[in-house]
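What follows is a set of structures to go through.
In the two complexes that follow, subunit A is the common piece, with subunit B as its partner first and subunit C second.
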Partner chain A sequence: MRVKERKVVKMGDLTLAIEGTWMTTWKDGMERGEEIRVRAIVHWAGEKPWSVSCVMDDGVLSPYAGSELAKEYGSAMADRHARQFLRWLGLCFKDEASRLFNALDSTFLFNPEYRQRPSAIDTCWRLARVGVVASTLAITFNQLRVAVSKSFVLDIQNYRRYAPLDIFALVGECLCNFAAQGGKELDLAAAFVEVAEKKLQEEVSANGASDR
Partner chain B sequence: MLHKGPTVYRRVIFPSAALEARARWKAVNGKAGKTMLRVRIYWLDDQRVREYPPALFRYSSDPLNALLFSRQAAIEEAMREAAEATDAYFVWLGLALQEERPLLFDGMTHFFKFDPSAPFATSMLYGAQQLGEWALLLRAGCAVVETEIFRHFPEDARKHVKELGAFLQNWAYRPEERVAEVVVFADANGQFAIKDAREVVRVLP
Partner chain C sequence: MEHPIAEKSLRFGDLTVTVRAQWHRWPNCEPPGGATEVTITLMRDGMDARIVKTAPFRKTDLPLRCLPHETPRYAEAEAKHAVNVFLRWLGLALTDNMWALFMELDDAYRFRPIEGLRELAALDFLSGLRDAGRIAEPLFVAFTHLLCAIHVFCLQNNSEIDATTMRVRLGEWLLAFAEERNKRFADFTPKEVNANA
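Take a look at the complex of A and B:
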């Protein structure tokens, strides 16, 4: 069985789809395990789409996977991992290295300090896995950052208006909000303007209050 | 100008397999250099070999080229850089085999700058990516060591794994024995033994 959940982020010429896939894996003619993958599909207008993917989790088959709830379970897992990936992407934009490190650690449990004696080979395996995820994140992050840089946001007038708010941190906030809300599609440009204008209004009202 | 440095090899030979780490410095666009590490596992019985994806040790910002060095000096510098990569691999492999997880983790995260206090999340991600490639090679190394020792020396196998780990760690720190191989064998009494060959003597498939 294979269930996919897709989240789409649009920014200027770029359509970025984050696709979580939950699937059962087969061995000796039997469904024995499950695997969750996240694929980032990068589609620039007028160009051929391409993708990068990574395995987020695999292991023995969950009891849910054999029941009538399998589809719902798979869908929930795929959705959860796609959202998690978007959240990490948001943390990259916000440059919150510490939170990103902790988020990766709580998913992959690679830091031996906080675990009940994982073996060294296990630690290596977890670090190898986090490396693949980091590579996928870095590629996706770079593509989206290029899209933001090419978009209207960095036009001279908009740049002057929004730069004091830290443009990339706001993009990160939009991505984190989208991940938390669990929508299917995000118009990043519109979300950015909404969040930025709200922040500007807040600043104006805060300055007004301090002047009074 | 030097385009590629010599390859530095180090091998651990087991009764039925061999673990080889080799590294080489290479010029990148004539402006910088990078050192890559490759790990191969040879199965001696059935003459098979498997090479794992290469991992980047580091970029050298200062190009090791003939403008700065004489050719011989550049070659020596490239060799030193490659030897450092193989040393790092065997030191970390030694730590992993000895189950020194916090030391291994701290050493690798520090070297590759996979650090939660990094100024940029992206620099941390690049560190994680590089560290991940190395972790995969270390895992391959650990797996072959454990498999071979448990297969050929089942009595006190866990102890022998740790012994080999300690040996590798010390060996990697001895510069005079850099181009060398370690042989794990059964001595006259059939007991686990390790010896340090000063020269590469074995021709692998």
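Take a look at the complex of A and C:
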């Protein structure tokens, strides 16, 4: 069985689809395990789409996977991992490396610092896996950053207006909000303007209050 | 131009592990630069199939920071350094000295943000973690195969030494082997086999 959940982020010429896939894996003619993958599909207008992907989790078959709830379970897992990836992408834009490190560590448990007697085999394997996730995140982050830089946001007038707010951090906030709300499609430009204008209004009212 | 390859091999039981490294100059790159790559090859006696894993070790322009005729010598030194460091990491993994291994990987790839000391940009952090992950894969593969070879050896020879002790001992030998500059091959198969075997 294979269940996919897709989240789409649009920014200027770029359509970025984050696709979580939950699937059962087969061995010796039997369903024996499950695997969750996240694929980032990068599609620039007028160009051929391409993708990068990574395995987020795999293991033995969960009891849900064999029941009538399999589809719902698979869909929930795929959705959860796609949203988690989007949240990590948001943290990249916010430039919060420490929070990203902790978030990746709590998922992949690769840092032996607070673990009791971590085995080398386990840590090496986890480090290898998180490396692929980091590579996928870095590629996706770079593509989306280029799209933001090419978009209207960095036009001279908009730049003057929004630069004091830290443009990339706001983009990160939009992505984190989208991940938390669990929608299907995000118009990043519209969401950015909404968040930025709200911030500007807050600043104006805060300055007004302090002047009084 | 091909630069010299550094190589060290070790043998345990029926498994031979070869670690090779080579520094490559990036073509048409300005400013000039290059990268060192590590390749491990795992061979079992009686089997034609081999397992080969390659990972980038580090980006460095060190062999270019000298007179042009000295570049091959510097490139060889860089490759030898990569082989020895990889063997040292394998030794640390086998001795289960996970914290030391993690710290050495962090020193090499700088992927751990430390508040006040090492504030990393998100992209630097991600690329460091990616590089650490890439080198962790051949480490993991070599480690698991050596572990299998140890267990096979213990079972086949009815060894009095348990597998964990043998693994830690092999790790210590590897750490010493990594320090030896001129030795290119070492057979770590224990010679004392149980008389009941």
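Operating definition for what follows: the second predicted complex is superposed on the first by the 211 of 212 C-alpha atoms of A that agree within 3 Å, B and C clash if a C-alpha of one lies under 4 Å from a C-alpha of the other, contacts with A are read in each partner's own complex, and residues count from 1 in each chain.
Operating definition for what follows: a contact is a pair of C-beta atoms (placed from the backbone, for glycine too) under 8 Å apart; a residue touches a chain by one contact, two chains touch by 3 or more.
The structure presented is a predicted model; accordingly, all values stated were derived computationally and were not measured.
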Look at where subunit B and subunit C land on subunit A after superposing the complexes, then choose clash or fit. clash
For A:112, using the defined touch cut-off, is the partner it touches subunit B, subunit C, both, or neither? Pick first, second, both or neither. both
After the superposition on A, what does A:92 contact: first (subunit B), second (subunit C), both or neither? both
Examine A:141 and indicate which partner it touches, taking first as subunit B and second as subunit C; both and neither are also allowed. both
Subunit A residues contacting subunit B in one complex and subunit C in the other 91-98, 100-101, 104, 111-113, 118-121, 123-125, 127-132, 134-135, 137-138, 141
Considering only the defined contacts, which subunit A positions touch subunit C in the complex? 91-98, 100-101, 104, 111-113, 118-121, 123-125, 127-132, 134-135, 137-138, 141-142
Within the complex, which stretch of subunit C touches subunit A? 92-94, 96-99, 101-102, 105, 111-113, 115, 119-127, 129-134, 136-137, 139-140, 143-144, 147
Subunit B to subunit A touching residues, read off their complex: 95-102, 104-105, 108, 114-133, 135-136, 138-139, 142-143, 146
Touching subunit B in the complex, subunit A uses residues 91-98, 100-102, 104, 110-113, 117-121, 123-135, 137-138, 141
